[in-house]
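What follows is a structure written as structure tokens; I'll ask about it next.
In this document, chain identifiers A, B, C and D correspond to the written order of the chains, with residue numbering beginning at 1 in each.
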Amino acid sequence: MTPQPIELADDALVAAQRLSEWVSRAPTLEEDVALANIALDQLGVARLLLQSIGDEDELAYRRGDADFRNCLLVELPFGRSRGDLDFGWTMAWLLYLAAAQHLRYADLAEAGDGIAAKAVKESAYHLDHASQWTVRLGDGTAESRQRMQEAVDEIWPYTHELTEGIRERWLAVVEPVLKEATLTRPQDGWKPDGGRKGLHTEHLSYLLAEMQALHRAHPGVTW
Amino acid sequence: MTPQPIELADDALVAAQRLSEWVSRAPTLEEDVALANIALDQLGVARLLLQSIGDEDELAYRRGDADFRNCLLVELPFGRSRGDLDFGWTMAWLLYLAAAQHLRYADLAEAGDGIAAKAVKESAYHLDHASQWTVRLGDGTAESRQRMQEAVDEIWPYTHELTEGIRERWLAVVEPVLKEATLTRPQDGWKPDGGRKGLHTEHLSYLLAEMQALHRAHPGVTW
Amino acid sequence: LEGTASFEAIVAADQKIEPRDVMPEAYRKGLIRQIAQHAHSEIIGMQPEGNWITRAPSLRRKAILLAKVQDEAGHGLYLYAAAETLGVTRDELTEALLNGRQKYSSIFNYPTLTWADMGAIGWLVDGAAIVNQVPLCRCSYGPYARAMIRVCKEESFHQRQGYQSLYVLANGSPAQRAMAQDAVDRWWYPSLAMFGPPDTESTHSAQSMEWKIKRFSNDDLRQRFVDMCVPQAEILGLTLPDPDLRWNEERGHYDFTQPDFEELMRVVKGDGPCNRQRMTHRRRAHSDGAWVREAAQAYAEKARAAKGASREEVMA
Amino acid sequence: LEGTASFEAIVAADQKIEPRDVMPEAYRKGLIRQIAQHAHSEIIGMQPEGNWITRAPSLRRKAILLAKVQDEAGHGLYLYAAAETLGVTRDELTEALLNGRQKYSSIFNYPTLTWADMGAIGWLVDGAAIVNQVPLCRCSYGPYARAMIRVCKEESFHQRQGYQSLYVLANGSPAQRAMAQDAVDRWWYPSLAMFGPPDTESTHSAQSMEWKIKRFSNDDLRQRFVDMCVPQAEILGLTLPDPDLRWNEERGHYDFTQPDFEELMRVVKGDGPCNRQRMTHRRRAHSDGAWVREAAQAYAEKARAAKGASREEVMA
């Protein structure tokens, strides 16, 4: 089953919003550049997809959380609690997300979709970036391995919704990375979902409140 | 100089909003009760004062941050960064705030103000609560002393704006508490202000965006 | 009368067992389990409602919600105190919550997604809690029964506030009305599940009945709750999400669709939408507060020592 | 020609000094200080603008702002690389920023209070930066001059975007217009202060001029900036907050009120509205990232060792 454009758009938009939290807070200056770049790519694809559906700002700024169709994974904070910003967690999240996006976009590009043809190249870079960091952190210090294992474990349950219909192909991408990173592949178990039906976590409404506050305070104007 | 009702109202309202962040996160269950109680008191006084000026919800939910007249101290996060929630920091903040509010309300109550007559008793309790914790943490463990000293030092600059016109009387309340807590009384130096003119820190617009998001999303309805 | 015979006589006479009375070990253990689970539920229950305090849409509603969540912390305090009369410490109970050995009510493993959830929780969740808890005010263990009287009084106040808040939404703008209906749709079955598994599968029940801890069966209480809610839903003008809900003249009760007990068991076992989040939140609050509790203890010890020293001075 | 004589000949001939050339120690040190301060300013400068990325009011503006802040990180990278050619490491420079020994531009110690600040910063702050920096594209030190060419190109792109964004606000709703005017009111004097103290009080200037690092005096650049801004403000339809601003026919320049240099000195010394916040943010980002940098280094060492080992195997 192919995901709807709004699903892919909301995945990318919410991912861009989350990634923006990293601005000026990355572990290295190179990573500040890289994370902003990935956020920009996600935002760019989100805009193209939203434009293909309707008015991008209307869709981004005027819908409530129950109208969003992103999977739960992208709305999670980068750590166990709201406000957390853990780099290992972010890389595990990006590994999972980019691997899925890359497969989805590749399928769509093959079917002749122009937006996906652009997006597939970018997501290949995101996947590569996240894979490299997963390996470095998994096979780095004792502390980084422990943090990375915890991150890949904690986010894993949310990958079921993310990879609906492409699970096997996705596993074929992700498992070798975890292996190279000397990390234990998490067990399947709990499979939270609901995002595609608008049933989100408690995190999304906070994310959207911040994103939409200014836009909503000035209805109908041009920026 | 007596502060305007809107200044006292906004101090109490923003303080209540900040204190609400503690709900279900306090170090002990007793403290969960106490912090919620103090937040409720602050909210109660804010409501009475706002009602004396106009429509409480219009004032609380429809003004932007530049229209708020609270002092900068109350809008600070409970720690060095947005999202922090440090208990020692909170108690230092409350010690400074409650000492000032107690003096202000006492003056107004003496001049016959009914709202202040209620508020002065509550602020006496807040002051006592914060004083006790300041002493416990200042004179507790090595870690708690260090954390408490850092908190009293970091928030101190913001007390100049808070105590305009009552500095000496305020010092006469606060200094003995710091002394009993075996803490060093911070040096005067930097004196940030602007809150009374609507020039706030970068923190206030985030606090208000969260507070106002739902109300603003449904203009003109009843709750 | 001494020992267990005395215990049975007291229970038979509908008198209260008090902490110093002799009681069967299974009675004591069962009560600890039940009171602790109840206390933990109050503590964890602060989270889903606490989630909306900073965003409450009017100052009046913010004050009401804040007061309610404060009451929940207070209920936690009474209930831990009641459990402590049975010979456990609050620290032990806290530890049992944090390590997952003791449970809390599964209802709190669902997310609060909109403001209307505050109304629906007040109406349905507090309503179900009251139906469950009112009989406990007459339970055989004195400290628990007395704690429940106080808890139930406050809960029914909360329940009315929740209902009233939902009523305003149900009679508000189309968006508010939709929000209210959506909340009821999401909270109805989880509320029904609060009464536990069907009587055919319920463990512990017979013994609890005999000891007058429990006084009605799960299914009886669930039926009572449904019968209470249907007319209230009509007044609200909201639909309960059960197409098979209808009055059964013969039984003198409403027929209704049972909740999905398999889902209940999944949530109890840890796989509800928010189990991990609630536990992480609780554990983090506990560990973030460790330095504060240690400091308070260190200070108290110093103060005691100083008092002792000055007493010695006086004596010398 | 050798040594300092060669250095002076190159400077005199308007040629570039390159890293391997001999240069006076004061030239090297002064350049390090200046380039480092410039690099640090790019890094700290990400914060005030980063503050509005998550709240940008349209997706297009969000993308523009995100790209701009990304460019600032990129500028930081080129500039640290330019400084490294003078024999310092990036770690040393980072340390000097974090411990406060080296400074960054004081303009970033003011808060960004509204979205209009993004426009005002683009127009005024980037505008002032460009006026300051364009002459540096011809400065005597090759790596710095080349970095500045790239930086200035991107900055002038940002400046146009900021101006355009402010133009939309100035021509928008009354609330947007008020927001734009307020932002200009707050950023005007801090922008004028970016050119540094008046020439009468400026240290280092004469030597920098001689060495062709600096090519115009602070006051000349400030005047150039004012002359540039006045007609732009007219097009925007916004007022610069200076009642004494007027064209002086005789001088062929605008007369204007000087910024409050005492305030500038207070901010430079650490008592601006956001100095502590900016430094805390930077220090926390650095310390939060320590485990990541350590892991990357450990991994790189393992990888090198493995490569070495496999080479040994091949050789054996």
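The criterion applied here is as follows: a contact is a pair of C-beta atoms (placed from the backbone, for glycine too) under 8 Å apart; a residue touches a chain by one contact, two chains touch by 3 or more.
Because the structure is predicted, anything quoted here is derived from the model rather than measured.
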| query | What chains, if any, are shared contacts of chain B and chain C? | reply | A
| request: Determine which of the two chain pairs, B-D or A-D, is joined by the larger number of C-beta pairs in contact. | output: A-D
| message | From the C-alpha centres, identify the chain that is farthest from chain D. | response | C
| How many angstrom between the C-alpha centroids of chain D and chain C? | 58
| query | Cα centroid separation between chain A and chain B, in whole Å? | reply | 38
| task | Give, as an integer number of Å, the spacing between the C-alpha centres of chain D and chain B. | result | 37
| remark: The distance between the C-alpha centres of chain A and chain D, rounded to whole Å, is 32
| For chain D, residues contacting two or more additional chains | 55, 281, 284
| note | Where chain B touches two or more other chains at once, the residues are 209-210, 213-214
| field | Overall pattern in which the protein chains touch one another (line/ring/star/complete/other) | value | other
| If you go through all the chains, which pairs of them touch? | A-B, A-C, A-D, B-C, B-D
| said: Using the touch definition from the top, list the residues of chain A that touch chain B in their complex. | reply: 64, 82-83, 206, 209-210, 212-214, 216-217
| query | Mind pulling up the chain B residues that touch chain C in the complex? | reply | 13, 16-17, 20-21, 23-33, 36-37, 39-40, 43-44, 46-47, 50, 56-57, 60-61, 85, 87-88, 135-137, 139-141, 143-144, 147, 210-211, 213-215, 218, 221-223
| field | Touching residues on chain D, where the partner in the complex is chain B | value | 51, 55, 111-114, 182, 270-271, 273-274, 276-277, 280-281, 284
| chain B - residues contacting chain D, complex | 65-66, 80-81, 154, 189-190, 192, 194, 199-202, 205, 209
| remark: Within their complex, chain C touches chain B through residues 43, 46-47, 50, 53-63, 66-67, 69-70, 73-74, 76-77, 80, 115, 165, 168-169, 172-173, 175-176, 281-282, 284-285, 288-296, 298-299, 302
